[in-house]
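In the two complexes below, chain A is the common chain; its partner is chain B in one and chain C in the other.
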Partner chain A sequence: MAIDTRVAPKIKHHDEEYKVIGTRPIRHDGLEKVTGEARYGSDINLPGQLHGKVLRSPHAHARIVSIDASRAEALHGVSAVITSADLPDPGDKLTTGGEAPGLPVKFKSANMLARGKVHYHGHAVAAVAATNQHIAAEALKLIDVEYEVLDPVLEVWDAMKPDAPVIIEDLYTAKADGTTADEPSNVAAEMLYEVGDVDAGFAEADLVVDREFTFGVVHQGYIETHNATANWLKDGHLHVWCSSQGAFTIRQELADLLNHPITKIHVVPMEIGGGFGGKTTAYLEPLAALLSQQTGHPVKMAMDRADVLKATGPTPGGYVRVKMGVTNDGMITAGYANLAFDAGGYPGSVVGAGCRCVFAPYNMPNAKVEGFDVVVNKPKTHAYRAPGATHAEFASETVVDEICRTLDIDPVEFRLKNSAKEGDWQLAQPPYPRIGHIECMEAARDSAQWQTPLETAPGKKRGRGIASGFWFNIGFTSSVIAKLNSDGSVTLLEGSTDIGGTRTSVAMQFAETLGIAIEDVDPIVADTDSVGQTDVTGGSRVTFATGLAAHNAANDMKDQIAEGLADLWDVAADAITHADGTFSANGNSATVREAAGLLEEEGVFPIGKNTVTPTREGGAFAVHIADVEVDEETGKVEILRYTAVQDAGVAIYPPYVEGQMQGGVVQGVGWALNEEYVYDDDGHLLNASLLDYRMPTALDVPNIETIIVEVPNPGHPYGVRGVGEVPIVPPPAAVANAIHDATGLRMSHLPMSPPRVQAALAAQA
Partner chain B sequence: MATEILSGKVHVQTTINGEQVDFLAEPRESLLEVLRDHLGLTGAKEGCNNGNCGACNVVMDGALVNSCCVLSVEAAGASIETIEGVASPEGLHPLQQSFLENAALQCGVCTPGFIVAAKALLEENPNPTEYEVRWWLAGNLCRCTGYDKIVRAVLDAAERMRAEA
Partner chain C sequence: MRAIQYAAPSTVEDAVAILAEHGSDARMLAGGTDLIVQVREDARDTGVFVDAKKIPELMELSVNADGSTTLGAAVPCHQLYNDAHFTATYPAVTDAARIIGSTGIQGRASVGGNLCNSGPAGDTIPPLIVHSAVCNIFGPDGERTVAVEDFCTAPGRNVLADGELLVSLTLPKPPAGSGSHYLRFIPRNEMDIAVVGAGAWLQLDGDTITAARTALGAVAPTPLFVQAAGDALVGMTADEDAFAVAAGIARDAATPIDDMRGTIAHRKQLSYVLTQRALRGAKARAQGGSPTNGH
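Now for the complex of A and B:
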């Protein structure tokens, strides 16, 4: 059984041929996901289980004067009510693990349950456990909280003003030069990156384009809401079942937040219904654990959609300024960027990653990038697929398009001329290894869409745009344990939660290395007691890093099989060769299956294992082409045709590489055209539902054409580059550049929603 | 009506995937809650609880519904089909097979809803155009796939089902 469908074009820049890698098997977990049998976090129900719910702040910024839960506690069916008083004082501890280590635990703790003050509309204030969710919901209404309402600060440009209300009274800016500010403010951190002489670079330029861009807050929009079930046993063992991007990260956060020994915490990763960076941290797990401890019962908690939108970690709104200088013949001489991102109610936005990406597709001799992490009265922001890169490159790719228009240079030719390539500098990083931006741009140029003139229609405003995107990808730590069964099959335990087919992409690398069929590998996502340390599924790292661990584990298993056969065949282990899944020496030979049988008779059961923390992620580039039609009356932008080109290094599991590309495009199109948190002046979120926070439906987008480019990553034995994140980066700029082509408008705010486009068209007329 | 009130709960008799089922529910509980929490049929998922995402789709008396927007007592006397009833003992439904072969799922949490919705479409229109598939499935949100492979899988399944019919 294999996937037999329209195979998208693939452009190889290498000569490797593989047996398993690059094929299209059915994913191992597919069957239970099409029958409804797969078990996600909310599907668990334990005997004696109670249901927990969270009381949330109705205000964006307020002091908590008092909390009186006595009426709630008296309600029949209510077992416990907790507030921040029930969480241990974290002191000065810093976070470890996860995507953003080194932040004060006190902020994470206060985000879990507000301590003295609420920092955003929806901030958790108290939690209740009751016999069912309806009684828990009734109990929330009986908790009396007295607030002293304070002025909210919602946008970075207001929060950075000297006279702005300070949200965290003891927050002193960590400055780029390593010093700390003397006075508290809302700016948690400043960063500065420089290369060359930016002033001299701008002096050499014939044309300087300097533009400002602003951004609404957007949410990752995973369809499964957050959930957690905890069972705190009387001996202190804590079992947690949850849908998280990282079971080990949840374990660490529980240890940090609850002051509980890590050895007593056992986290079981359930299937996860999407994450995109938004499920890399705990929200409900510590509350369910505390409620379980207090009641002596397992406690299950699940957010509703309004909770998810109000109180989890959307990705920042904010501000980006990009200034670029070029010569008349189209060579970039200098770039300057200034990025200020919402951290939300507590410090720690993704602005640093945005800084690193803003000019990444180009070899720019002189550049300066400044970043600001700014606390505002909105939910604590988090990663969303290539975090920070989409904002940054929307700005820079729009400016590049304007430069090309002004100088009348073809946008493909301009990007090819200025493209970053192997050996060029990267901001705050070693020079680029082999990368594939040029190869992606060439593939886009040669694509069916680029080669087909845009079809005009009388009275219709249509346009075409192109944009590049970069995301650096992440290594982090991954573990794999592989057990050879007596029939030659392999049970593969891995620590990475599987959000989109990585069980199979990891297993395929194992099968390739050991020389067995993919159907003979049974990949299992294991719990924190059953496999080695594994960081979050994020940073496009699983097929890269966990795949590397699987490759290494297969080599470990090969060595163990060879040692076992050496005894049987009376040869030295290093005299045994392995090719195409067959071990041979001295006239003897055995396939893996035969070897497993021989070794079983000797009582030998090889277990290959590996834990690895690779750092040569390689970086990923994408080039996208969008054709749009702009409705002059309504301002609605329709995507007519779309092509996504991406360097996958080597595409291990092509249908799911295409899937990542297509999914990233549609998320990027939603960000480009519709999605945005809408606040009133008091900081209330007005659109906390999936009707009003409108994500693209099947009817809003066309089929997404994909072209996989393979420029192998020299930092991985099979050349893998992570593919998950970069496809969200180019769409807003590609669409904006197409809108300009159609209308002559330069849009400077995301989303380019119908009212904004309509207003811009009206202003133009 | 096949209902009887017992100590604040309502006794409901219904048919689910061809089997007669009895349950007790509070009148405020939705069909989705009863399916998931009382009957162990957790294939239908809660994504929004207000009818905007389609993850809880079931078919009730031949109509595609969001089970989060149906009160459980409304199931009395009805015939309900859930994702758990789509495959037969002989094997997967062509839509399920087609979703696997077309890589039409990533995280998988919206998949049961899409398959139930697509099955309802193909029963009404065995030969839909791509536009008709997209229009019908616009009530189901998927955040992972960008819909491309889902739409192809439904068209592919429709073709197979027509060939077998």
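Now for the complex of A and C:
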């Protein structure tokens, strides 16, 4: 078998040349991971450890009449049983960390352990600790819970009806104008974004296309299930080892949920087997902590796959309406969108992010976007890779394709003509900085796939689709601490949990700035006691923000080395120059390595550090091309060829960028074609397994061709833009547009699964 | 905490004795690819696991004097598709053996186990039906035989009484000029359970069909022998018109349900399409070729 050593194309729109950035070194965590030595949460085992398990609701919506755990407590080997009565009452406190701060802690608390009512099938009701997993499992069967079953509400359009059962009796809509509704309902929040004069814009239009789209619930599908081990010591110190996208976020949530001082909580992020937005919040950590506190033993907990699918946060299903007006020569005059996302059992969906993205690729002077956050009897939803953007842009990019077909305008030309660019309006944000949508579209147009006509085959329905995608990325807070060792190597403590290879992409920026080899940096993902405040790994922020912190810390270290050398060389520190990793002044010179040795003799050990909260994250654009074949008899869609183009700003470590692009496509294709939660009428999740929750396998996606475009982000010293999320945005629309090209069908629901495509084909015939 | 027992008898008689003693609490364990998963997921409560793999009759794969084949109930799938004679003689069965689970699963999973699991979607069952396979069952009262199409009685249920054991299957020698094919529809391309499966067997005299059998999986409470479709084909020219007639009969015979794996309308349509495709593949093999329509 030949090994493909092809380096994917990169299209640079800058002249910078770097020594470390843009190279392909061996990743720091590679050997540990391929040999199995890397330590994940489930590898933690402590002396005297107990095992915890969670009892989950068999109903989607029910009042808890009583819980009697006496039979479980009497079982030999059971040490503790907890329910929501063991969690402190959070009062009116609001959440602080995570991707969506500012929500009432009481909702998060009730999601940990149901308080009075269960809001979804799989909702945690009680937890036990026992000497082994088998006894814990047996004990769950001995907990007697009496439920009064209530009618469930499963879809946003039902939950928004005036006569719908109200799931949270004291939930009053937070309206877009800042007021609060008088009557409780399932609508937690309304939002409104408006620019220009949308009515005037539509009046100018020669063609208005107005379409509705609906979505099933999808899960992030990370391979490693949630796990947590907690050890609550007698002096109140709580140590937690877990699989999370943010150790500091878990620490904050534990403090909020358990009313425990933050200084006494120590969270150790273990290696993480995927998160994609689904590991930005606590599930097991507070339960393990409480059980440990009650038993005086460490308690280890882990979910199985069914728990993960039933009771963690998938990303919402819901509804999107998109209406766009254009002139006959293909200029957009106005856009209107209405998004209603299911928050799940408690408020806080990602609908706001969807609103911000729905028209983002286009210069649209008149636009109005309304959003609704709606509580339904499903698991509390969470972020999933560019949260909300995929839904929103599936809708808008399908409408754009229809406009192009109707007006007979080439879809690339249309997008180039209407593309957002530097200085254009950006919804609820300052105008765009330098962005790369046009450059991505041009690269897609010039790509091998777009330039090669689709091969036809007799009796086969084939088609090609193209779609744009945008994700705004986020900044948040990041910290690093860099220690110069006496041999010139650097131990780099960074606070961001590493999901996508970021310890290397952060270390590369440090090495570039200090002028040392990447092999001389040893990056460590540090725990909450060992590094400064660092927010979740999410929003495609780590290579951008933690990379910036590393750059700043390298400069801090540079200054400290120069000060040390200044004493030795008897010059002023600011007289020392630094170039290519060498310090020079007055005929003296020293590499970093030499300087480290000289300073050691003086007892000087520089520590560079930085905490940063950058806001100029830039935005990320992607353009994807999909070729598909539709089996007209079965409704099955095969992806024949796929090209992903993306503006990475500057690709620090190109293989990771390509990997993120390909991984996003795989997940996007899964979402497009098969993935969805299947519920019965009573709200039971029927497919809580990876057999029936159908993620793509290796045979379901072709090799994904990648083209990295580099339009540097002016808000970062190395031009970095986040790359992890935007590649999931275009695939459903690109595939839908290809299905239309092949069959003439406009699919309006995700996933476009074989029964749906076949039914649509039957209806067409 | 549930304690379990494991037994590994070396004779059919010993296995029958253990099964008879423990009744429904005992299950035969062949590859374990269904049983162990079901027990772990609390879908089945089994206290006694009776290993089939130490019993020679259950591990036997041999050709009999009359040309028929004896397939021991615990023979794993990989052994079938690595056996040139079996593959050439019963190609629909190996079509199924190749697509169950993954390569690793196929190293353990057995055709007999697939049959005893009695899932409506069991991939090997329609091929066994179209090849007129017969179950050889032993129990406290001795031996009996049951046609495969009569073996399953409901989802997860079959004719085996407490103490009874499926020892082997007998597959008759197919006549000259015959061929078979099995295929299924899955939304992905691997590692999935059939939304619908279809098997077909045809015997040709020139272009004329002299005998035919078709069967469907996942469209009824049990795998479905569509006898009327095969009967209708006899005497017809093996062409698209004939296959459309048989496919129509198969679609009408299917009584699927809506569930997380498919809808009634889709499964009805797939019953038609897959029967048609299975017949095309069977015809190609009867004429010495191979199927071209893949999944």
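Note that the second predicted complex is superposed on the first by the 761 of 765 C-alpha atoms of A that agree within 3 Å, B and C clash if a C-alpha of one lies under 4 Å from a C-alpha of the other, contacts with A are read in each partner's own complex, and residues count from 1 in each chain.
We take it that a residue touches a chain if its C-beta (ideal position, glycine included) is under 8 Å from a C-beta of that chain, and two chains touch if they have at least 3 such contacts.
These numbers come from a predicted model, not from an experiment.
After overlaying the two complexes on the shared chain, residue contacts for A:Gly659 are found with chain B alone; chain C is out of touch. By the touch criterion stated above, A:Leu691 is placed in contact with chain B and with chain C alike.
In the superposition on chain A, A:Tyr40 makes contact with chain B only, while chain C stays out of contact range. By the touch criterion defined above, A:Glu271 lies against chain B but remains apart from chain C after alignment on the C-alpha atoms of chain A. Using the contact criterion defined above for the overlaid structures, shared-chain residue A:His134 touches chain B and also reaches chain C. By the touch criterion defined above, A:Leu699 lies against chain B and chain C together after alignment on the C-alpha atoms of chain A.
By the touch criterion stated above, A:Arg71 is placed in contact with neither chain B nor chain C.
Among chain B and chain C, the chain that touches a larger number of residues in chain A is B. Residues common to the contacts of chain A with chain B and with chain C across the two structures: 134, 691, 696-700. Residues 26, 28-29, 36-37, 40-50, 52-53, 55, 82-84, 86-87, 92, 96, 99-103, 105-112, 115, 130, 133-135, 137-152, 156 of chain B touch chain A in their complex.
Of all the residues in chain A, the ones that touch chain C in their complex are 132, 134-135, 137-138, 306, 633-636, 673-674, 678, 686-687, 691-692, 694, 696-700, 753-755, 758-759, 762.
Of all residues in chain A, only 1-6, 24, 26-27, 29-31, 33-40, 42-43, 45, 134, 220-225, 271-276, 302, 304-305, 499-501, 655-656, 658-660, 662-667, 689-691, 695-701, 703-704 touch chain B in the complex they form.
Within the complex formed with chain A, the residues of chain C that make contact are 1-2, 41, 185, 187-193, 195, 259-263, 265-266, 269-270, 273.
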